[in-house]
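Next come two complexes, and both contain chain A; in the first it sits with chain B, in the second with chain C.
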Partner chain A sequence: MNIFSSWSLIRAFTVLVYLFMFLPVAVVILLAFNANQFGSFPMEGVSFRWFIELWHNDAIVRAFKTSMLLGALTAVISATLGVLASLALVRYDFRAKSLITTALIAPILVPEVVLAVALLLFLRWLEMPKSFPLLLLGHVIFTLPFVVLIVQARLVAVRREFEEAALSLGANAFHTFREVTLPLIMPAVFAGIIFAFTISFDDVTGTLFWKPGGVETVPTQIFAMLRNSISPEINALGAVMVVITVAVPLLGVAIARRMAAALR
Partner chain B sequence: MAAVAADADAPGPRPWLLMSPALTAVVLLLAVPLCFILVYSFWLRTAAGGEQVGFFLDNWAEVLSDEFYRDILFQTLRIAGLSTVVCILLGYIPAYFIARSTTRHKAALILLLMLPFWISYIIRTMSWINILGVSGALNVFLLWTGIISEPLQILYNEATVILGLVHFLLPFMILNIYVSIDGIDTNLADAARSLGATGWQTFREVTLPLSMPGLAAGSLLCFVLGAGTYITPMILGGPRNAMFANLVFEAIITQLNWPLGSALSLVLLVVLGAVVVVYTRYAGIGQLAKSFK
Partner chain C sequence: MSDREPVVALRQVIKRYGNFTAVEPMDLNVEPGAFVTLLGPSGCGKTTTLRMVAGLAAPSGGDILIKGSRVNEVPIHKRNLGIVFQNYALFPHKNIFDNVAFGLKYRKVPKAEIAERVARALELVQLPQMADRFPNQLSGGQQQRIALARAIVVEPDVLLLDEPLSALDANLREDMRVELKKIQHQLGITTIFVTHDQSEALAMSDKIVVMNKGRIEQEGSPEEVYARPRSEFVARFLGNSNLLDGTITAHNGSSLSVEVGGLGQVEADANGAAVPQDGQPVRLVVRAEKLHLSTEPSGEPGATRMNGRVDTVDYQGQAARYFVTVGAHSLQVINPIDSRPFAEGAEVCVHVRPRDIVLLTPEA
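Then we have the complex of A and B:
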């Protein structure tokens, strides 16, 4: 029984699994720089032509703006609702609390397809056409549970005494929240905002149901382009998306760390 | 739940005020619409493309008796089940490795594990076309080595749908198992070793049973997420690999048959809901929330 060698096997297996997770995405980024006009192997040199073509493709630029606006609005609304609800759940005791906690988490327990159909039917019953606000409401409802879970976890760790001290010194509830509680939970709020933004920015399952005709987000645009065949343009768009959805949270983590460090 | 706030005696309306926006959103955008699915499923689609309001059992009769829907339901459960099993087989060892590695490595490995969550699902799914497609990396390589003379048709079947799902679901599995193993007191394994157990025995008798909650939570997430997808079969599957959510998409978006789509959505909701209920009976919902902390 050589422990060292079995540990090496475990490590080797782990490396392989990580490769499995990342290699295909690395290939997308690699092929985005392919000079070959069919966007496949073998590579025929490095070029930026597909990124330039993206920039000149109106449909893609429009989809990009839609996704950014949608993601940003979703994040702000979701975070606001989520923080308020978390405060109520952690700081107060009231009847039916566990039922309400479950209700707020429910949107991630319901399959997204069913959620999408439900919201769409309700809208149809109200005789309202599909629209951007519907898309926004849909994104808010399925990002909300993530914000609640993240902020709640942090809020539980913030000691009640800090708030009581502020209150006893004459601050009102709103002041206490703004000056004491909010700064203390800011890293979690920030994480919630980032989470909501990336989930919204990436979503395709619900978006395909809710989007009005003619409106595309980046993922639905990619989905539509895939219908023809895989082109180097898709790989380039994929590469841009990977950079955005990875860079935004990484930047977020760095900022949240700095915030957390400043609090110590 | 047990945290009793200072003003618990008389919380007044404040918690309800704080909660009302989120609660209104959940009620208006989830609870009420879900009731509408039920109501719509009893309506009837007319030849003109509208709906006839009433109480008709036609959609339910069609959905519950037609073998086509039953076959697709079983196919969906099979694909999601197999994907979950593959996720366990691929995910347990890395999760163990992360939990037992040194602090410095651990942070990097976890950060890497979070990356796939941020990389778009659709891009991760379509990336396999670059690898397995007719002019993908694998075929180009095999042609170049001379092992094959014609490109292999390896895409667009059930295996590639499962591959795509595993690729999407694996991080959820690893993360959940990791959280569970990381919470195990290492003294327990040491105690087992000092009492004469071998490394394998220690794992089988101590670590594995104690990591079951994470394994169960990860499996639940993978199964439910996998069984509810329609994008992966559309991108990586062939015409025969449709899953249940594809039927819903087809009915609602393509055929505009809202009553039928409603009945199909409800079937999916009830089947997956039953899985969640069985799980919560045995494990409790709290385990799922742990990976957020």
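Then we have the complex of A and C:
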């Protein structure tokens, strides 16, 4: 077999893999604009009616609001805890440091179902009912490792001298953090926030286990709607989800890059 | 020196890391306005000492005094210091003005005065137009000047310089050396300078403190430390020295005759040092530039003359460094070049004046 044909084989295979991964997504987005009630090809005209119907569907709007709130709170809490944890792990020495690092990172190594069941059983054992704060807690647990990993990597690269210089000039520890450390790690903190939000926003597994009755996020709402029928609204909702989960990180990365470039 | 109270004083200061002692009990006085250099190889404890004065490291014992009061428990941001770091440590996200103004902000200086003092500091380091730039738009030398401006604008009690020149290239380093000294002198600011570079130390200091393995080997003016090393370490660390072991055979007042094995009789002068008994072993330090080479026997009366042969010539432009075999020894000689350097293999006469020989007595 010559090199040319083996490479073209790999190329063809790669294209097929990508098609397999993205074609369904493309179909969903395409059908979201289908004027017909039944999602099938060939499409019969382009329309935004399913998006408008989404807007008038209270359950979906509520789910959307819940997801946004959950995502935003998760991002803020994870970022705050993640920054504090990273500072402790990078700048200070204490006992059981590696154990704590492992414990912080573990949630991304453990399968999500296992984590979900574990937290649920733990709450049972504590005899606590499911509630929104507990759902939030669950999301924080598995988004925190991302923030910690990203911020830690950045913090290691921020030389201690910057902080020492600020201290020597009369700034106390808090001023030094606010004026020097935080601005210098901000690109990483920002990236962590985006990660946490996106992961929380499109999580299904954990949310299904942890959400209290009556509360739906966008993914669990889609899940629930799929049980009844395949409404074209789902396509429209799917399209919105795709746009948010792709656009937010892209935007975030672009902003983080600009921030990092300004610091160089 | 004067009887004025030292600005910085170390009293039996010691620093341990676990079982390792980085700084042995150490006493040091830094007089007002003085430029004191801690000089030594890496790992000698000089940076640790500086960091203890700064409050970036806590001493394991002893007292650190700044302006007469004990500061062991005073956190760094309340010590009123200026520190210049080896790699500048300018805040990359702040422009030059905000960098320099940083310390003034925390000293509750009114805005108008801040602007005025920052402008004056930038003037002093000759970069008045840079206020709106960011650190990454400046060259290394300019960043170093800004770092200096940022440290002195707060009028610190003491300026701490942690190898501030070692990140600069050679030419720039010499210019900055002169300028740094000029600014220090102009402001009369008490300064502690840490370096491993002997030429920086000799050129800039009022007092050099030579450190080795956490101990002070010798302290004194640059001339004293260079011309009258008190230990083998100092003799070897500063300049190029020949060390010769011998035995005193005779002495008359402060002038001695020393029998050096494999070399012969060497005339020396105790130069005010206590004269050991005849028969005592001594070590002689002869600076490479104090040995003179000539083709004919010459030199002033009383000088020691030896015959040797040039082994290696290390041509350095205005001077040359020779390795000359004399008896069983290979002596290092640095001489200015008069018309042309001696050739390898040339037979030469080596002579040295008694007062150019330093006596090291074995430690009591």
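We take it that the second predicted complex is superposed on the first by the 244 of 264 C-alpha atoms of A that agree within 3 Å, B and C clash if a C-alpha of one lies under 4 Å from a C-alpha of the other, contacts with A are read in each partner's own complex, and residues count from 1 in each chain.
The rule we apply is simple: contacts are C-beta pairs under 8 Å (C-beta built on N, C-alpha and C of every residue); 3 or more make two chains touch, one makes a residue touch a chain.
Since we're looking at a predicted model, the values are computed, not measured.
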item: Partner chain in contact with A:18 - chain B first, chain C second, else both or neither; value: first
item: Contacts of A:209 with chain B and chain C, given as first, second, both or neither; value: first
item: First, second, both or neither for A:28, with chain B first and chain C second; value: first
item: Partner chain in contact with A:51 - chain B first, chain C second, else both or neither; value: neither
item: Touching partner for A:169 - first (chain B), second (chain C), both, neither; value: second
item: Winner by number of chain A residues touched, once chain B and chain C are compared; value: B
item: Partner chain(s) touched by A:132 [first = chain B, second = chain C, both, neither]; value: neither
item: Which of chain B and chain C A:180 touches, first, second, both or neither; value: second
item: Chain A positions touched by chain B in one structure and by chain C in the second; value: 164
item: Residue ranges of chain A in contact with chain B within the complex; value: 1, 3, 6, 10-11, 13-14, 17-18, 20-25, 27-28, 31, 38, 40-42, 80-82, 84-85, 87-94, 97-98, 100-107, 109-115, 117-122, 124-125, 137-138, 140-141, 144, 146, 148-150, 153, 156, 160, 164, 173, 198, 201-202, 204-205, 208-209, 218-219, 222-223, 226, 230, 234-235, 238, 241-242, 245-246, 248-249, 253
item: Residue numbers on chain C that touch chain A, as the complex places them; value: 54, 56, 75-83, 85, 87, 89-93, 102-103, 106-107, 136, 150-151, 154, 160
item: Interfacial residue positions of chain B with respect to chain A in the complex; value: 1, 3-8, 11, 14-16, 18-19, 21-23, 25-27, 29-34, 36-37, 40, 90-91, 93-94, 96-98, 109, 111-112, 114-124, 126-131, 133, 135-137, 140-141, 167, 170-171, 174, 198-199, 224, 227-231, 235, 245, 248-249, 252-253, 258, 261-262, 265-266, 268-269, 272, 276, 285, 289, 292-293
item: Touching residues on chain A, where the partner in the complex is chain C; value: 159, 161-162, 164-172, 175, 179-180, 183-184, 262-264
